[in-house]
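See the structures that follow.
Paired with chain B in one complex and with chain C in the other, chain A is shared by the two complexes that follow.
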Partner chain A sequence: MLAIKLAIRNLLGAGLRTWLNVFVLSLSYVMIIYMNGMLDGWNSQAKSDMRVWETGGSQYWHTEYDPFDAFTIEDSHANIPVDFNKGIAAGDFAPVLITTASIFPEGRVQSVLLKGISINQNVVQLPSTSMLGEWDDIPAIIGKRMAEKNKLKKGDLLTIRWRDVDGTFDARDVVITEIFSCNVPSIDAGQVWIPLNTLQEMMQVANEATIIISSSEDDLDILSAEFVYKNFEFLTEEVTKIIQAKSVGTSIFYVILLLLAMLAIFDTQVLSIFRRQREIGTQIALGMTRGQVVRLFTIEGAMHAVLAAGLGAIYGIPLLLSQAKNGIPMPEGTEDFGMAISDTIIPEYSIGLIVGTIIAVLLAATIVSYIPARKISKMKPTDAIRGKVQ
Partner chain B sequence: MKTIMIIGGLLICTLGFAQEPTAKQILDQIDQNMSSENRVYTSQMIVHAARGSRTMEMKSWTAGDNQSYTEYLAPAREKGTKMLKLEDKLWFYSPSTDRIIQISGHMLRQSVMGSDLSYEDMMEDRKLQDVYDAELKGNEEFQGVDCYVIELTAKVSDVTYHGRKQWIDKSKLIPLKEELYAKGGKLLKRTVLSDVKKIEGRWFPTKIHYKDMLKRGDGTEFIITDIQFDVNIPDHIFTKASLR
Partner chain C sequence: MEKEVKIQLLELVKSFPMGKREFLALKGIDLSIYSGEFSGLVGPSGSGKTTLLNIIGSLDGPSQGEAIVLGQAVSKLSHKQAAHLRNQSIGFIFQTYNLLPVYTAFENVEFPLLLLKKSSSERKKAVMEALDWLGLADRAKSKPGTLSGGESQRVAIARAMVKRPEIVLADEPTANLDAENSHHILKTMVDLNKSLGTTFLFATHDEKVIGYLRRIIHLNDGKVAADEIIEK
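And then the complex of A and B:
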């Protein structure tokens, strides 16, 4: 307790030098919490949006289906196993049939994924019900990105060319019945959604699907040789990897800031030990052990981190709270990043993040304070009292 | 007796001409006229895209319906590019990468050098009569030429185009126009053949205009500048070794 009191008195006595160190260190606190909070918020929002719009709780994929291999898509469909029928009727599953096709907006040819989904499904938030009703042409829904890229609007006709299961070309017009806006580009860019039964008829594959979206996260142990269960973690694996990569990238910024702060503390410690040799000698002469003096100086250095936590809290809490409430607006064009990202990211500051950051900075400050303080143990008290440079 | 035989023969001939040939007979005649054991030709392919035109020159060697070898001569960017088709396989050699790649599966559906032709169109080598039911639909004039109009409807499921319509020059028995239709009846591609010349005793169109009807642009022109039929082509031309 005495060491802490002495450390605080010495620190405050150092005046501006202490407060400069404390301010830089407090910036590190706020930056670490802010950046990690933003990434956590992005991660959480991306996964939540994916669940709502694309993945559901889990999915069952045709064994041949690989979304990253266009060559597998046309052959990856099979009869929907009967075990799913009850769940489909109850709205727990949404089968999706996928094939490749070409569209011709303004006479340009563009490859797209043509996806068939049940009109009445409510497993994902796609506005499939807008394809209900009698239409002269095939009703279709597309995402905002797709609409903007191809200058399409609601009510427009679009020629689409595809091949049936035997490879024979067919072409018809589709009418855009709805343009949906969502944060998940993987169900939007380069995709046209039409009713499942229409696509099955077009491809001549009655009652077949490529994937089956489940509202539940649990594996329902449905026996099928052609469909395999994919859990939510697998379906959102790409987002997790991107966030991890981003986390490493952003950590460079605050590591530099932290290093600067640590360097400042280190220098301060070296200077203190050099300038306060008489004090150190006196303390040892009065009965303090070398270890006690080393501890005193180490605590003094580490106290920078405590003061920085206090200072950071003064300006950081209102700032971070305001962002947690209002969100961080994303710049124009982020929707083309290729992953789920909303217009505004709401950061998530967990207790674990805050406590972890404080412990990490405190530990780092303690270590850099201890390293120069070790020199004290080699000092001769008599020389120190005399102020002889050692 | 001799006079009676001559009159009888003339009558049979007159009746024969008066009766319209069947679609099958017309297609057989086209095959006879157009097909050859092999041919070597140089040609130009002019791609009229929405943003301008590109011209490519090439020399091709073909034997029957199943073997074909093409080398691009110009422009400089494409010079040295080679394509080899053997039966149902297609290889492509690009000098810039110095690699031979096999075009297969979905890659066959890509456009050839940005043209209105797909590799798959080039690979089509089954006889029309093997995969289509042909029906003579009547007579029409096309570009001032009297033509038979034949409709072909797929009789097997694995064809690229479900329907075709051809305009056949009655006198020369060569197609002058062809339309390719989707299963639902939508017109997908149109081919117009012109500049018909008599080469080595057979009528042959030397200019072919391909147009993907769903795409913008003025289509692709294919002009044969020189052609020789039934020449001696060394066997090594139709091997993968000739690609490098």
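And then the complex of A and C:
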């Protein structure tokens, strides 16, 4: 096709200018794919960490339970429905009882969530078995963040004060039997885990729980007026929201990046109108039709995007592949980010992401080329040749 | 033998807007150019030579009157038809060369042939031949930026002639050429005129060109002042 042939000739003829534009454009491809891949990777890493450590496949919550409202917690427990018993014995469910309590590290008062989980559960990865055995005090496990914040070590004693169902305060010591390290802050910061039956005794609520963690994602249709099924999406909603917020942030970044790239093409196609309008006028004088001119310039612009995809692939594929293999190290201080984040994130580059990015850039490049080409082609060729700017 | 009319101008008027008023560049021109003529528009700067060539080349339309080129009324042509006419039948040599800056000399000359969808071997042969005529074979790979004024002018001439058009419109084709080159090119044009019957219409005030013309149309202030046939 003539237009393609001439477009290639124009691009090659323009030499360095073409390659600069192509390079800028290729950067936007690689950056967009990189950033998105990182967010996708983070999203799925965060969710899989949460699944392993915190949420299991799904949960059943006491109807009153609202993790964001500390006042509801004291009233949100009920007898574990009998339907769960078989599954609990088989290790498919892990009931958790939750209450608020105070601890007194180094003489200060601090509110914590006191959570009871059965020692033998293996629905989540919490090292509950380290609370096995005979202890003088109540065995407890805490996370790394909690330990660091309160300068607690394995074997340390900690005084805990809680209220039972009747509202009576009581206090006892717990001994830290294990400090676990995980990427999920919501089971770590401000929390103390003790054996379920101990907490049930302390609160005088035998056989009660606040939530029941299920290893299955499916709603097992267990009949209960007090416990309702919460699926995995619901449980990881916060992560999805954070990632979406991040995506919006990075979208602004892409837009800037894309604008920069488009500006480069736009510049070649429009801002150099002095030079190019003479070129177009000449081409029309030599017998090109307006349609041919518009097609030529549009293809020329779009071809920047095609070349950029090629160039981006040359340096982008090895770069992105090595990151997909080795992960992207995350800076220190992301601990308190409010969601699960590991030291390195393994980015995920989906076909959809790559194809979508290429189409978006291609489309943008085509549009910024088409609009000015159409405008210029409408000039009178004599004016165009004389280099008159409209 | 009755000669065929290639270009016919009927009370042709061209005005340009100048502020609130109109500036009359061509003030009613009646003229016929016949097949195989080697003629020139001669006149002082601003007399309307380029304006007239532009209208004949269907790059611009008349304000009043009509220009009939190869049987087609320029004012009635659609953009597509005008492009087709230029592409098929007219070779334009611009006063300002107007080479395509990103193309080599070869590619510039090849351009009209690409539009005519000639095969690659045809194109190559024709382009090398045209460059040869004009003594530019060794500059085929050069870009306009590296060519001298005279060389650029010759590339522009080669580009206009390469497709062997029926009509060549040449606006000051020798303005940047030395005497030797001018004569060489003019002789080539005369040869083409004789062998292919190509109709030439120049716009010039160069004495060397005038010396070759067989019809001199004197333009003055947008009007034909005199029209003389030179017998040779």
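As a working rule, the second predicted complex is superposed on the first by the 357 of 390 C-alpha atoms of A that agree within 3 Å, B and C clash if a C-alpha of one lies under 4 Å from a C-alpha of the other, contacts with A are read in each partner's own complex, and residues count from 1 in each chain.
Going forward, contacts are C-beta pairs under 8 Å (C-beta built on N, C-alpha and C of every residue); 3 or more make two chains touch, one makes a residue touch a chain.
Keep in mind that what you see is a predicted model, and the values were worked out from it rather than measured.
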Contact-wise, after the overlay, does A:107 reach chain B, chain C, both or neither (first, second, both, neither)?
first
On the A-aligned overlay, A:129 touches which partner chain: chain B = first, chain C = second, or both, or neither?
neither
Residue contacts with chain A in the superposition, chain B compared against chain C:
C
Just checking: does A:285 make contact with chain B only, chain C only, both, or neither of them? Give me first, second, both or neither.
second
May I ask you to decide whether A:74 touches chain B, chain C, both, or neither, giving the answer as first, second, both or neither?
first
Is A:247 in contact with chain B, with chain C, with both, or with neither (first, second, both, neither)?
neither
Looking at A:381, would you say it contacts chain B, chain C, both, or neither? Reply first, second, both or neither.
second
Taking the superposition as given, does A:169 touch the first partner, chain B, the second, chain C, both, or neither?
first
Find the residues of chain A that appear in the contact set with chain B and again in the contact set with chain C.
none
For the complex, which residues does chain C have touching chain A?
54, 57, 59-60, 79-80, 83-84, 86-88, 90, 92, 94, 96, 98-104, 107, 111-112, 114-117, 143, 159
Given the complex with chain B, which residues does chain A contribute to the contact?
70-71, 74, 100, 102, 104, 106-109, 159, 161, 164, 166-172
Please name which positions on chain A make contact with chain C in the complex.
2, 5-6, 9-10, 13-15, 275, 278-279, 281-292, 380-382, 385
Of chain B, residues touching chain A in the complex:
50, 105-106, 154, 157-162, 182-184, 186, 188, 212, 214-217
